[in-house]
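These are the structures in question, set out in turn.
The following pair of complexes shares a single chain, chain A, combined with chain B in the former and chain C in the latter.
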Partner chain A sequence: MTAFLLNRLGTMLMTMLVISMLVFFIAEVVPVDPARSALGPYAPQEAVDDLRDRMGLDRPAAVRYFDWITGILEGDFGESIHYQRPVGDLVAVRVQRSLALAGLGFVFMMPLGLALGCIAGITENRLPDRIISLISSIFVSVPSFASGIFLIVIFSLWLGWFPGVSMPDPDAGIFDAAKKLILPVLVLALDEIGYLARMTRVSMAEVMHSDYIRTAVLKGISRWQVIWRHALRNALIAPFTAIMLHVNWLIGGVLVVEVLFNYPGLGRLLLDAAMRNDITLLMGGTLVLTFVAVATQVLADIGLYFMNPRIRFERAAR
Partner chain B sequence: MTPSVQERVLSVEGLEVVYTTRSGPVRAVRDVSIGISPGKVLGLVGESGCGKSTLAFAVMKYMPPNAKATAGRILFRGRDILRMSGRELNRLRGNDMAMVYQDPMASLNPSLRIGPQLTEVLIEHAGSGAGAARAACLRMLERVRMPDPPAIMERYCHQLSGGQQQRVLIAMALLTNPALLIMDEPTTGLDVTVEAEILDLIGELKRELNTAILFISHSFGVISRVADRVAVMYAGELVEQAPVRDIFRNPRHPYTAGLLGCVPKISSAGRRGALSPIRGRVPALHETPAGCAFASRCDRARDRCRREHPGFQQTAEGHPVRCYYPDSADSPGLQPLPATPDAAELPSAADAPVLQIEGLKVYYQAKDRGLAGMAGRHRKGFVKAVDDVSLAADGNSTLGIVGESGCGKTTLAKCIVGLVPPNDGKLGFAGMDAARIVEHRPVATLRELQMIFQNPDSTLNPKRTAGEAVARPLQLFGTVPSTGIRNEVVRLLEAVRLGEEYYDRLPAQLSGGEKQRVALARAFAGRPSLVLCDEPLSALDVSVQAAIMNLLQEFQRQYGTTIVFISHDLSAVYQLCSSVAVMYLGQICETGPVEALFEPPYHPYTEALLSAVPIPDPTLERNDIRLSGTVPSALDPPTGCRFHTRCPRKIGPVCEQEAPPCRGARDGHRIYCHIDMEELQTVKPVFGSVE
Partner chain C sequence: MMLRHDRLRGAFAELVKTPNSAVGAAIVVFWILVAVAAPVIAPYTPTEMHDARLEGPSLKHWLGTDHLARDVMSRLFWGTRTVVALAPLSVLLGILLAAPLGLVSGYVGGRLDTLIMRGVDILMSFPTLLIYILIITSFGPSVIVVVISIALGSIPPIARIVRSLVMDVRSKDYVSAARLRGERRRFILLREILPNVSGPIVVDATIRIGYAIMAIGALGFLGLGIPPPTPDWGGMINEGRPWIFAMPWTVLAPAAALSSMVVGLNLFADGMRENAQLR
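Let's look at the complex of A and B:
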């Protein structure tokens, strides 16, 4: 058990190290001079050179990478060129907002997607399955920027139930904040629900056709017990893995939704940073984003380890 | 007299089951009537696709949504199962009637421990509390002779061996002491030694519990061991039903006789003869022929058979046969092979061996996937899959390699064809050194050495036609000029009795037997001097097995090919091979000419294997030797003689401490055992009738 955890964490550290190198060296080959972009196109060359000197940009790349990475390990992501504020502070606020959005989307899609998928899988080829499969196909095939616009048109412009913009207001009450988040969360969750439902449907249908479900049925226990005790856990292994792999997809979806609803999350921040050539901010933000992605994979692996005894014991046997 | 309906636990009357498919209704079971009394076993035999399993599941009223019982009744203690509600069925299933399945691994829930899977039956049906249920389950596991029941309850099914899984399923079925037990091929896929134990167990339970058992199997050997009566099913119909002795002694239906003729028998004197397979295959049931369903494959069929559908004829007391001409039926048995004129030109077996293996070792490293393993520390040692094996196969002969699963026979085969490199030892092939992997072998070696695999379904490329598959080696090795390839392919397809019309068919359009024929034609296309067959028969029906064995012998006669035949089926080995090597845990424990191997002196392991072989003869008396436990791990094999942990003839500490010496007998017969030859010589023969 501890060996397994150590193994996963070790792998994660290695991955992060490699990613940090990639991020750093990609930023390195981009033909952007951070000092020049900080001072603007009309600043005199001496001022730029002076800033380059202060930023230490003339030192070898390896040395600067080492500085950057040790800084990050101490919590210092450097300073944003555009905002002139520590990257760490900027990113921290935005990450919280984005995670709130993604988290809500996740909480919304998980039970819905799994439940719809299970119902469809159990009633394979019958009416409930047909309806659910149709709906989830629609959800999957409409891209989120399109479904976002539809929802804004219907619920915000036409019915006027929810606002079309989600700029958080620090003074607003919980109800008000929730009202603002409903549409973005819905947009974020819709195609994920469709995907998850389809995935779960296939897995559940396969389990329902398996020999051990036949064994359970012919034990004479009720259909409800067959599903609850024998089918559910086995049917959820595959979609669970898929969800966790899809968390990254969700993060990508967050970016689209943030732009669409003008929600100030990490996605918007990164987009702005990229447009303003704010290299330090871009690097720090990307690293945090990839960390979130990699960490969810590790969590997924650990979750799976507890769900599927075959993995657990194969490891123990070795 | 036949017992009345009331006495019978199960009585199926005129049952018909129809599947609705896209290509029309399929009448998978037609007009089937059977009955079983308490304490009796009805064996149900037939090729795959004859409706055996459909019948078995219909008895439990477990049918796929597109299947329906359209006629007849299934009476369980006088009540019609087909009319029961779901609630009534649930009270019966698992309680009064229970089932044991073919694939035990797949039939147990992979994510639940064995304990709850067992106890839930009692909690549901007997209303037991958790504690009482657990105690009863422990007793039942003990009863089916499971070692350490409390530990088993805590395990998951993938932590049990195949035999243990099947025992768990049997225990599960017996927990509520059901009146009817349905067993659907319960020993298929298990090793002979395990199969023998399970069959013993079934016999015991039948006597003790007075259960009525419907036992389905495709193997006559297994049926003869457990059944009281036998029903033969063909194309959805029963064609013959009789007490077990009559079926084997006096089969009346030509299909029954034909099936029996396909089975190689160890005790029969005509070993060198060819088997007589049934031609053709089970008809698809989309349209039922007007006459007898078997007429197209029957040698005895006359006009009447093709016109009218035969009903049952009572040939003797309790022996109905669905045939117009039941009396002319006599088992075709073994027929002598026609003499081939060019046989004299072939190299005789006395020539230099084609394949020579000396001290061959193949070790796999057991991997540790943890961080420590990555860092290169914490080696867990080696799996000694093949450990110091020496063998030779002469030209134009057949060498059989037998042993339980996990004994290293497949690894040995992989090493010979060059899929895994040997760690040590010599591998000589036709005078060349062949101890390297396949990519590094010269084309000449590749041509001379071909392989036929166990599973024909996954061996052929699904996107290539049968003709292309056979043509490939011809192109690659230039066996015939490129203009003659098509003719040669057709000739080969005809040689395996497929014919030109199969040239453009894809594997998906072929049956399992036809695929294996294509694989056979492909392997022999380049006229290799050695063909390795890794369990080529185990996925096939008996009638197809016989045909494949005959083809192997034919090709061998024609080309003088040496065949290495790996199998767990000792009857097939007896039928085909000229010499045999018995493997246990990566080592050879006995080797010699086939005649010498099947009679004393035996290695104790060979003796146990032989006594486990199911022989299709219900009158046969054998002194049954059963091995306890499972094959130990090859990661940490026992010291001394590797067989000592299970050996019924272990003589003392010497077996645990020293490697057994080689004891030679006549004709290159070698036995590796501490017991001396004189004593081994005195062992009673397993098959009394072997000459």
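Let's look at the complex of A and C:
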């Protein structure tokens, strides 16, 4: 148990270390002159030299990396070139908003995706399954920026029900705020529901074919009892893992949704940083977002360990 | 040669048997034809500027004009070429880079396998879209950089799939036979193992082309894709977005085209997979 937790944490640290090196390498070592590319081709040479100085670009890359990473471990992500403010402060505000958006998307997609997948799995190859499978194939295939466009045109332009942008307004009441969030959350959820339903369907169908379910049916338990008491728990383990491992996809979705609806989260901050060549901000934000992804995966792993006794005993037996 | 041709035709006939994959194949073939015939069927060139900007659909411009008074339908047709050419190219590049890793990792095993798979796991936990953004910011957006970054992003999953396929085949009799004959490792990998794992790799590649189309579209949408004025569906969505309420067609058309293409590919791939399982 302790060994398992330590193992996971060790892997996580290792992963973050390698990723931080990669991020640093791609963002700061590859461009010949990060200061020049941050300020653009028309900036006066003195400004560039000054920025080079502040970024300490004259030192070897290894030293710069070491400074950067030790700074981050102390909570100092450096200063954004564009905003001239600490990266940590900028990111902290935005990451909360993005997590709120992702969290709402999750609350929306989990029950829907799981329920659709279960129904399809139980009615394998019959009409409900055919319909759900076709719909989830389509949902999986339509990228979030396209489904977002469709929803905006349908619900804000043609029906006029919801606004097409989601700039949060601090003075707005809860009702207004919710109205603004419905479309972004819906787009985010649609992006994942198809995938989740497909995973659940396969897993549910597999469980329904297993010997222990046949035994339960032959014992004469009612169909709903079999599904509810025997099948569900085992069938949901696989999609749970799948969705947690899919968090990287979800992050991509969050980024697209934030840009599409003008929602000021971490994704938009990162994209703006990329557009402005604000390297310190881009590196810091990327690292934070990747940390969120990696941590979610580790948490999922630990959750799975407790949910599924088979893994627990397998590891203990080793 | 004749035999090979018949076998190919047989395989294709079997594929189209399931209705879903037939529909999928039809959609994909349609867009490929559009890409090939773009110069003939597009009413104008994609960069030609006309009299009126942001004009609604008319007989002259079936899908209207965009903010620079360019014909949307012509841009849509020409944009098909970008997608049809670049998505398979980036997947092919990804396979060329990842397959050797997977082959060696799965066949040799041991420490080397552990090392490669550790690396793959680490890269897998890096959100793909962030990798693209980082690479494109550093190298500047261009066709080559977009293709390479999508190929690089697909290395970890492809390497993993190839490895697991190789591990299934590794202990088969014909591989042991080759080993006992004293064949070289390279011969065994390329002549005995690779041909027998290539089927599933192709199925996976079909799905991956769909992902690549989404990725190219997403990058274009974020303003990091193929630089303008080259027509590109994602870029068209990005450019038309500010006018979505005035001129929804300029963004709806490329969004629908891109979605239909990925739907087609995935339906087709589903059919392929079902066929492979039935056999």
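One rule holds for everything that comes next: the second predicted complex is superposed on the first by the 297 of 318 C-alpha atoms of A that agree within 3 Å, B and C clash if a C-alpha of one lies under 4 Å from a C-alpha of the other, contacts with A are read in each partner's own complex, and residues count from 1 in each chain.
Assume contacts are C-beta pairs under 8 Å (C-beta built on N, C-alpha and C of every residue); 3 or more make two chains touch, one makes a residue touch a chain.
None of these values were measured; they are calculated from a predicted model.
K.L.:
If you tally the residues of chain A touched by each partner, is the higher count for chain B or for chain C?
P.N.:
With both complexes superposed on chain A, more residues of chain A are touched by C.
K.L.:
Examine A:282 and indicate which partner it touches, taking first as chain B and second as chain C; both and neither are also allowed.
P.N.:
After superposing on A, A:282 lies in contact with chain C but is clear of chain B.
K.L.:
Contacts for A:119 in the overlay, against chain B (first) and chain C (second): which applies, first, second, both or neither?
P.N.:
neither
K.L.:
I'd like to know which partner A:3 touches here: chain B for first, chain C for second, both or neither.
P.N.:
first
K.L.:
Touching A:302 in the superposition: chain B (first), chain C (second), both, neither?
P.N.:
neither
K.L.:
With both complexes overlaid on chain A, does A:47 touch chain B (first), chain C (second), both or neither?
P.N.:
A:47: touches no partner chain.
K.L.:
Looking at the overlay, does A:251 come into contact with chain B only (first), chain C only (second), both, or neither?
P.N.:
second
K.L.:
Looking at the overlay, what does A:55 touch: chain B (first), chain C (second), both, or neither?
P.N.:
neither
K.L.:
Let me check the overlay on chain A: which residues of chain A are in contact with chain B and also with chain C?
P.N.:
Comparing the two interfaces on chain A, one with chain B and one with chain C, no residues are shared.
K.L.:
Can you name the residues of chain B that touch chain A in the complex?
P.N.:
Touching chain A from chain B are residues 60, 62, 86, 89-95, 98-99, 101, 103, 106-112, 116, 120-121, 124-125, 156, 158-159, 169, 172, 366-373, 380.
K.L.:
Can you tell me which positions in chain C touch chain A when the two form their complex?
P.N.:
On the chain C side, the touching residues are 20, 119, 121-122, 124-130, 133-139, 210, 214, 217-218, 221-224, 234, 237, 241, 244-245, 248, 251-252, 255-256, 258-259, 262-263, 265-267, 270.
K.L.:
What does chain A use to touch chain C in their complex?
P.N.:
11, 14-15, 18-19, 22-23, 26-27, 30-31, 134, 137-138, 140-147, 149-150, 152-153, 156-157, 164, 248-249, 251-252, 255-256, 259-260, 270-271, 274-275, 277, 282, 286, 289-290, 293-294, 297
K.L.:
Inside the complex, what are the residues of chain A that reach chain B?
P.N.:
Of all residues in chain A, those touching chain B are 3-4, 6-7, 10, 210-212, 214-223, 225, 229-230, 233-234, 237, 307-310, 313, 315, 318.
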